[in-house]
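Chain lettering (A, B, C, D and E) follows the sequence in which the chains are written, and residue indices restart at 1 in each chain.
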């Protein structure tokens, strides 16, 4: 419905403090939301990593930073190894990844692996976002 | 023209907490909030605020609050601010003052002067959690007596069509058009889940809601929008809408801008044309004409479903109800002074009609005096706010109640009374596709079903307290009501004794 | 379809309605239409029975001899009803599709809220004929009146076509109806003969017929003559005027927000 | 004002609301005929009523006593008759008193005692110059003073026969097959309550004015208070009553022609009056200005009858139906055409009048020819057809 | 059990190994690498040179990768001979490795042009970690370097050298830098950034002679074709790579510029596959085989080869030239045909040139489909366009929208994005 609260809470969850006000107003560089709400009003669509089965970003990654966990299916980028070439961004057909220019790495949805429910899902007021396990 | 009106609300933004996420900007249907891209801050235009709290609720940092504008007028018991502002508004526009929702004037709310009974010592109260407790209500005309087949001893009476509801609470008519499709779908799904009925209003039944037609009361109103044989066949009951509590005696008017493609398809009118519902049905100018339409609908549905009539509570409502019974209606819905609407002239909403409590009591009493109470079910509407109101209505004589405002409040409505504007930030009273998406019917249905479940539990508790385990034992049982702070004449109309007597 | 009698066949049925209570009559009609294949149903000695054809969804042709009661063909979806006599009030009420052909006059609110189908009335109609007619998608209802109409013709009209022929007027005798098209916000009314501005609702404009109007009117006049006889060319040779809604939203400025 | 009003209206409604089927038939030659047609026709419109009231007015039914007022009285209690008869005896010259003949009808339950008294006022010491005024006064007095008695017919050579039941049942009950009249009006009632009160049925009458009515008069409160200032007691609290009194006031007391009275009751719209440049518009304007309180607003069709006259009238925007028809000397008025067709299939003409346009039929003067097509008298307001 | 042999331990080889192991956990799998390191990220060698990363952090796969996947790793050995008949390969040390399925992922070798005096002096190429280590050992702040070649490798080494305080001059034969990846306009954006970083760029110039210093192999200067001499302390040759096809000489494996493979990444010989910089594989833009020495293409080609080697019939959708350049603070992505051949009316160019604001977008259409793109500036959603290009999606109806700032999935027709989201 286009409230963008998923972005707010994603950013918060990926911040140092994980406090919504601090994360947005105090922390520098600011954390980045890994979900992005597109608007073509009246339509809105929350775009985030689809954790593809054939993840082009993983295939294209020049450094091996981008990996898909064979157990969880979650695709994550190891920021230690990411060199910020953003080839992954170029090959993502969803446009779901974004540059973290301040840190020189890619920022992508990790499904809040440390949480039971990703922050975006937990805070979506309209249940537009749900976590679907498609692991075969 | 320069407006002389001051803003009604003040929007307070705690800049310390505001993270410029612009959730408020996007959530407000009235464009109260805006973002200054250059300065990077968010600011508010208070004069547009309707006090719906959408931004307040959705602000992730609780940075927002909305207050009534503390602007003071010189005290005047006669020229109160509302009177002054109404005059100003009309001086600026020359128009009819429009408003939404129900009467907000301080007419006496009789529910709040009626108290319920409970058992002590002489009879036991019942524990509804463990003991049986029946709320099922059958809507439809009942024969005067049961006859047995002399041969077989089996039932001889041909029963008129009966529609059971698991809770005596139905969703009142709200058309697709006046409310959004997701809002109506929420009602439909909740009705199906809770075992009750929703009412299409005069807007037809959207294709996507046909799966819920078994829980639909399909309304036939003067504009006949969306009415065709399929629609009539689909519904569980058919309702002829004569009037509504918020605007007795006048028709409806869905402005063309709300007639979207989907609304148009459902009403079966071209996109963007005004949907005018005339004040009267032009085939009903008299009571025998009502009978004619009732039987036309029964013919069209082969006498398979109850055909009811909804009227506004007006002065001679008892006599009118009597006539409606005699015209062959299977149920009568009476909508009181505090009944709501998507749009009504303010002057009608606030000054026409009588409270539902008095109307209901009068009708029930009259029909009993005439010996025709069994011929109809009575549905009371207009101002039911909680389960106690439901139970009091039943004790006054209703078979069931209609709720609408309470249902919309469950979906987020703050009763801001701006439904007619079509900008409802809660996605309820709007056809703007950006706004209507705010209601996820799955969530809406859950909220509504929760409400009904909660009320239903409370009703069972209260019934148990009275030592009653079947709702029908309370129907019209005014001995379980007592009045507090009412005049003799009010108690006479209500048929209720004063507390302590 | 002209009103010639179809050859009698086993698909024809006949009911003598004399003294039959309307509910029984309509039950028999439904039975005839639904349970047995019936293309043509002749009702004789009809006198005031209501709801004939009401809610019926079928392609059957019902021929009525006598005076049918109110709400003839209400909510009807498909049948053709031919009345050999006058029709009373409420014919074609909220009708969806089908045809009603009245060899006589019809009463008040003929075609109320009709959404589709066609009504042809040989003579005049009562008050508020064509009130709140509407159209939707492919459905464009048509009401053709051979005689004159009483006031409030096409009130609230939201769609469809009304053709008023005034065939019973003397040459140059004006129509007497008033409040024509009051509240009209859709559809079109064609009037043959003289009608003055004061006879029209405030929301109604008048115009000359254009080519496409003539095509439609000519078609309807031919159909009318097919049903009732008469010379279509003679009918068409008189002056016509086209009435249309001036505003799609007649009450747009009524409210203060 | 006790007794009848609470009987008719035991629930104290602002007014009793009812609606109905109406029918009237008249032979303009004044030749009496049986009630078969009226009874069959009103029965044909059975669906428009609900069995809670029906009645007939028959003109010319007492040819043997043409100059005596025929008072039809219903007694709801046995005792009261003695008192009322004493009163009648004391205020009129009583020529004949007899029970109204009735027969048992299964569906007609618990009828009141029904009596009729043929009276005159001639030489009565209390009657003044205007015997009709005197009769009206006495009828009003009986109806308000005696709790359980009610005069429901008081004209000369005419009678009202009404009660609770379907009209065809009441015809049977009142043995109407034994009467003949040159006007028959009939009513099938659909009231919104069931007082079980015979006086509440139509026709309503005062003297020989009778009214049968279909619809509801929304201006009732205004009309009633106006009429009360002229001494009419609206004992019934039904809207139909005011029609009878209004006609009595306008035609009998104010001596207006019935056409003018029709233009008061069903006044033309100001826009119509303003467009009329003839002298007639001055009259219409004055009628509306003087009698605004007698404008009958709301949906109605009435058939008003009077010695030698039958008038059909609808409201200004014709919210209730009325069909008129004629065959030879017979003129019909009916809620539905089918009712006329039932009793007279081959009519010379059938039409529906415009709103506010009265259809007036009079007994022909000697030598006068039959009326031509649609020979209704136009309303003064210049209604359009 | 099938025995798999992979020659080459970069992205193609790893991609194949991973694909094989997704299907076949048991068949013996051996990877042979000429280099002494487990797979590392070749593109990171510039970072290494700049001192921004370490050999450990450059690992392309975690150290446990080979063990966990039961892969035999042979390091420091070059393929010297192929025996297709007996299905053996011979390595430097004379070892014979048998195979049932063979993948040739031996990559490319830097092209070294015939320049007078070049081989007499010390010069550097920049393709391997060892190249970088060699250079790193020689570089220090304040030196002057000449980088021959203004392509991606040239720029990446330049950036590293600049970070190390080296004064760099780029000599590019073509009239513009990055001529293969970018059009002139986009290249000018890079040029500006490069020059702002203090780098001198000489285009339409070439080195004709290397001039030595007093002591042995040291470079003193290079002489350009216009006769000018550029004094320098370091000379880096970065003008591209060529497929290393020498070991295939004499075999039946069909070779043109590179080893020709079909859509299954199979060579002309049974059970022999090839991928990566050595292969001439399907290019979906060209519609035919081309050498596209691009890391992601190598991985993907390897992956396809691996699947087919393990018996799962899989078709290579193709690769094309594509680059995500992030250098000197600029982000530029390009792919496919970035400069349509002049005078070809079949091509349509959609252009949004706001270079002043740092934005440049160009989309080349052919037959209503995207065949080339350049995104500079905001590039986060360039992948959507690349996806359309790769899928050959007809974009006529909405192509203009792809240039908009708010480019997103919702810029696509509803049926398209709905299908994507559902999948």
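Rule of thumb we're sticking to: contacts are C-beta pairs under 8 Å (C-beta built on N, C-alpha and C of every residue); 3 or more make two chains touch, one makes a residue touch a chain.
Predicted model only: the values in this text are computed from it and were never measured.
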Grouping of chains that still touch (sans subunit B): A, E | C, D
Smallest count of steps, each to a touching chain, taking subunit A to subunit C: 2
Chain with minimal offset from the mean of all protein Cα atoms: B
Whole-Å gap separating subunit B and subunit C, where each centre is the average of the chain's CA atoms: 37
Gap in Å, rounded to a whole number, between the CA centres of subunit E and subunit A: 28
Distance from the mean Cα position of subunit D to that of subunit A, given in whole angstrom: 86
Mean-CA-position distance for subunit E and subunit C (Å): 79
Subunit C, residues touching no fewer than two other chains: 50, 70, 89
For subunit A, residues that touch 2 or more chains besides their own: 43-44
Touch relationships between chains, expressed as pairs: A-B, A-E, B-C, B-D, C-D
Residue ranges of subunit E in contact with subunit A within the complex: 11, 15, 39, 41-44, 47, 53, 57-61, 295-296, 299-300, 303, 322, 324, 326, 331, 333, 335, 379-384, 386-388, 390-391, 406-411, 414, 417, 420-421
Complex contacts: residues of subunit A adjacent to subunit E: 36, 38-40, 43-45, 47, 50, 59-64, 80-81, 83-87, 89-95, 97-99
Residues of subunit C touching subunit D in the complex: 22, 47-48, 50, 66-70, 85-86, 88-89, 105, 107-108, 126-127, 150-152, 176-178, 198
Subunit A partner contacts - residues on subunit B that touch it in the complex: 16-17, 19-23, 26-27, 58, 60-61, 427, 432-435, 437-440, 442-443
Subunit C contact footprint on subunit B (complex, rising order): 89-90, 92-98, 222-224, 227-229, 232, 253, 255-256, 264, 268-270, 272-276, 278, 282-283, 292-293, 295-297, 299-302, 345, 420-421
